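In what follows, chain A forms one complex with chain B and a second complex with chain C.
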Partner chain A sequence: MIDPYYLQQLAIGLSLGMTYALMAIGFTLIFGVLNVVNFAHGEIYTLGAFAGLVVISATAPPVVAVIFAVLAAGALAGFSLERLAFKPFRRFTDEASLKSRAMRESTLLSSLAVSIVAREALELLFGSQMRSAPAEYLINTPVRVGPVILVTGDFIIFGVAAVMLVGLQYLLTRTRAGLAIRAVSNNPLGAKYVGIDTDRTIILTFVVGSMMGAAAGILMGLYYGAVFPAMGFVPGIKAFVAMVMGGLSSIPGAVICALILGVSESMATTFVSSGWSDMVAYGFLILTLVFFPNGLFGARRERV
Partner chain B sequence: MTFRRLALATVAAAAFAAPALAADTVKLGYQLPLTGDTAQYGQDFRKAAEIALDEFNAAGKPFKVEIVFEDSRSDAKEGTNIARKFVDDKAIVGVLGDFTSGVSMASAQVYKEAGLAQLSQTASHPDYTKISKYQFRNIATQAQEGPYNAQWMASKGYKNVAVIAEQTDWGQSVVSGYSEAVKAGGGTVAFSEFFNRGLKDYRSLISKIERAKPDAIYTGFFYEDGAQFLKQLQQLGVKTPVYSTSAAYSPKLIELAGDAAEGVRLTSNFLPTDPAPNVQHFVTEWKKRSADAVPGQFPAQAYDAVRIMLAAVEKAQPNPTREKVRDALAQTTDFPGVTGKTTFNAEREPVKELVKVEVKGGAFVPVAE
Partner chain C sequence: MTRLLDIRNASRRFGGVLAVNDVTAHVDEGELVGLIGPNGAGKTTLFNLISGFTPLSSGTVAFGGRPLAGLTTNQVARLGMSRTFQNLRVFPNMTVFDNVSVGAVGALPQGALGALFGGLSESGRQRSADISRRTWEALEAVGLTQVAGELAANLPYGQRKYLEIARALAMKPRFLILDEPAAGLNDTETRDLAAFIKRLHGQGLTVMLVEHDMTLVMGICQRILVLASGRKIADGTPDAIRNDPAVLEAYLGVDA
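Showing the complex of A and B:
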């Protein structure tokens, strides 16, 4: 018989991993699949949480309405982010600029700048203290499953993440839009030459990815009952690690690695001080980069 | 460039004009986090300081006081930069802040060299006032609070305890101050661990604490971390009693944790429900400026710290110098504040009276034991 303590830690780890996965899915779509360096996803997540909170406190609508409002906010945020931090770097359409790595990677700084501005703006607007949603919206009612205790949110997050994963896989592999995304990511110039509207494809990916980021934000806000301007930072890092470990362009890979990350962290807490459990994530990142430069779920593209 | 020259000229002029200016306006510095993760605390300190300052300047004294607020973001590097800036401004005769023990101690090195008095409303690390004769604080240290709480818990029959605290200078002083007292009292510390401030998921840590089967858990955290910890404790169905330090004493703890905060016991030196006129006056003023919110302990400490500093500046009149302000601060005896009477002892430590508080029915209620 396994010690129920370890079962409980495993359950906590899986639930932690699911929360990382939720964030990693949208992040990987933009950063990994579309192959655009974007460090503002954490703020999209935060914006989603705040949008949800504002809607809840203003009108106390049914949950479905909150979700739609958050998705709309995410879409708008994704569109604006692309417009502000990415589009200006695509204004040159000559071959040299399109092939230039510097041009593409300069969005590292522009997206980071947008993220800082967004975070500070939220701080000025809402203050940096933690806020909680009204108790009836929270999704943390305990549920006992055999020897372990989970909360309702764990099942909701699992469901949402599964839908996102399957939906995106369908979009990417079975639809023309998905084909266009992969084409643009593979070779923007080539995609343009064969008549793909690259601008539209990139905007579409940002909108879809950011909608997922915003949904993740409000879900996590309701799951932990804590919404604050800096909330996107740590999940952003965990999602980044999961994405790199999963091989950048593989969304299922990122999800599996997010789960591995969550379980390792909760298991590690048993043996080392909780203060060190973040080390697990960074340790994995380093090990992956050293031994599997292409990630565990082998992308063919070499670029980490 | 011209602006810089202008600024330089102004500084030079101010330096020359200092003795003349001192008769009517005295400058103080206040370093505190106004942006960043801990901005909510700094914003509260500023509000409390403004209340104290407005009252002082409206009281018809022969001179006015001005406070220069600088944002340290709770970052030690920023803190020392601000300290240098304050030291270079010859018109500044005393400094308040910073918020965390870590930043206060880093900045203290600069104030020590320059001989400028520093009074922190919250730095409770035992080593802070040991840095030099210029460091003062208006908060009970963990060397005082730890044994007090250890005794309280022992009186309840909790012999085997767990202690957790955030991984900071302050958190370490919480664990050491408390653990030593427990061991001295014949109890055992079954579990002791640090977590990173801002951790969202405490469930792994909680499971680990529970495996050690403690009678009670003593915690060193602020209200954000506290609320998360208490909520997850409730989620996991853990019924072990929780004790905490005055750092968690904030109405926000109950607001965020809801009924998960029920039964938490902690110490405090400020009760907004205290009928004393000065306390009620502060609470009323605070509510006026904060959309009816009730102040927690930290704003109250800041309010008192600013008033202690203002009293010292007044005592150092006429022509207050940095040294005179320091000496006046050191002589503070029985200062009647909203956090009780404050007297600095020879080590520049305030001797604070602590009150035992328990969360009952969604409010902090003072308890006899």
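Showing the complex of A and C:
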């Protein structure tokens, strides 16, 4: 029989991994379509958390209303982000520039710039200290499952991540919008010449990905009971690592790698010390890149 | 005969280079027209001007009587102008069926909400049925129904060409532009392709063929446009083109 202590640590690791996965899904969706890294995804997450917090503290609405407010904020943020940081660098008139390094690097920097401006703006508006929602909104009531203690938020996060994955799969494979997204991700010019509005498709991708990021933000804010302007930074990095390990454009791959990251971090905390947890996570990234340059799930060439 | 494509005094300048220089040409409804010219003649640029991909420096292009100035490529495509590419642009990680569906989806535009939740309403289901029917028709036309479930990346080169044509046909275009369809095909395959293009034309489709393969162009086109150094140097039947001194000079460099 395994010591319940280790089971508890495993559970903590899985739930930590789920939180990274939540973030990684939207991140990978945007990368898969545009082949660019959206460094502002962490700030979308923060913005989602603040939008939720503002709505909660202003009117104390039912949870459903909070969710809608957060999703709307995420959609708006995704739309503005695409117009501000990505659209100006996407020159369809010049075929060679579409998936070029210059395009990737300039949008990487422009999205980083937007993320810094957004983070500082939030700090000016709200201050840098942590805020918390009223206790009745928090999702950290302990729940005992056999020998292990979880909190309600663990189940909610698992549920939301599952819904996101299934919903995204449905969107991509069963709807006409998804067909257009996959076409643009495969070959934007080919799509354009058969009448697909590539611009609108890309905006839609950002909106969907950012709605997921914003939802992840408010969930995590209520899970940890802390909302602050820099909260998106570390999860953003972890989601990036999960995406790279997962093979860059495989969403299920990113989710699995997010879980591996979470578990390995919690194992490092258990067996070594908490100071080593990030070392283990980034060590995994380096090992993956050395031995599987295409990522753990990249070889199948399954995009989006 | 109605005029389908009307190009007037079209020019395109890239820096100091006039890639297309004052070209006036037209294509009538129901024609099968060839566009030829030596490398660097401006064929691709003219193409891009017609499809709205590159803006004109001066001149006008009208399609079906409608000026195309200010329209984006996908809007022009929706007016019924479809094309294939010399270096294929199929969607490699999608099935053959989905590849062709994109053409049908592109031709039947709708709002974002409809595209997301269209399956829930009656008109949305009707549209889905339309898309599916168009897709199967196009697959049938090129003979790819057997491999509808395959990933496009797994098809041999020749079939990928037909896949791209099927994708264009799923749009039910009025005007189909084929950019070097015979490139990379052997003689037998080229002959099959010629028969296929003639069949499409026979069904009433207006076709423009941009091609290096002279036997193909001379064999099936009713009329041929010749570009050289950005200018139109000849416009006539295959026989007239074959004996045109300006064309011979452009191709062979002989002094006429």
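For the reader, a short list of remarks on this structure follows.
By our rule, the second predicted complex is superposed on the first by the 289 of 304 C-alpha atoms of A that agree within 3 Å, B and C clash if a C-alpha of one lies under 4 Å from a C-alpha of the other, contacts with A are read in each partner's own complex, and residues count from 1 in each chain.
Here, a residue touches a chain if its C-beta (ideal position, glycine included) is under 8 Å from a C-beta of that chain, and two chains touch if they have at least 3 such contacts.
Since the model is a prediction, treat every value here as computed from it, not as a measurement.
Look at chain A after the overlay: chain B and chain C fit there side by side. In the superposed pair of complexes, A:Asn187 makes contact with chain C only, with no contact to chain B. In the overlay built on the shared chain, the residue A:Ile202 is in contact with neither chain B nor chain C. By the touch criterion defined above, A:Thr270 reaches chain B but does not reach chain C. Once the two complexes are laid over each other on the shared chain, residue contacts for A:Gln9 go to chain B alone; chain C is not touched.
In the superposition on chain A, A:Ile251 contacts neither chain B nor chain C. Seen from the C-alpha centre of chain A, the directions to the centres of chain B and chain C diverge by 140°, a value given as a multiple of 10 for the model superposed on chain A.
Applying the stated contact rule after C-alpha superposition, one finds that A:Ala177 touches chain C and leaves chain B untouched.
Measuring only between alpha carbons, the smallest separation of chain B from chain C in this overlay is 36 Å. Chain A uses no single residue to touch chain B in one structure and chain C in the other. Here chain B touches chain A in the complex through residues 35-40, 43, 167, 193-196, 198-201, 203-205, 207-208, 211, 224, 227-228, 231, 234-237, 252, 255-256, 258, going by the rule given at the top. Within the complex formed with chain B, the chain A residues making contact are 5, 8-9, 12-13, 16, 19, 120, 123, 127-130, 132, 135, 140, 142, 149, 151, 224-226, 228, 230, 234, 265-266, 269-270, 273-275, 277-278. Touching chain A in their complex are the following residues of chain C: 51, 53-55, 72-74, 77-78, 82-83, 85, 89-94, 98, 101-103, 105-107, 109-110, 112, 115-119, 127-128, 131, 153, 164, 167-168, 170-171. Those residues of chain A that touch chain C in the complex are listed here as 92-93, 171, 174-177, 179-180, 182-183, 186-187, 189-200, 204, 301-303.
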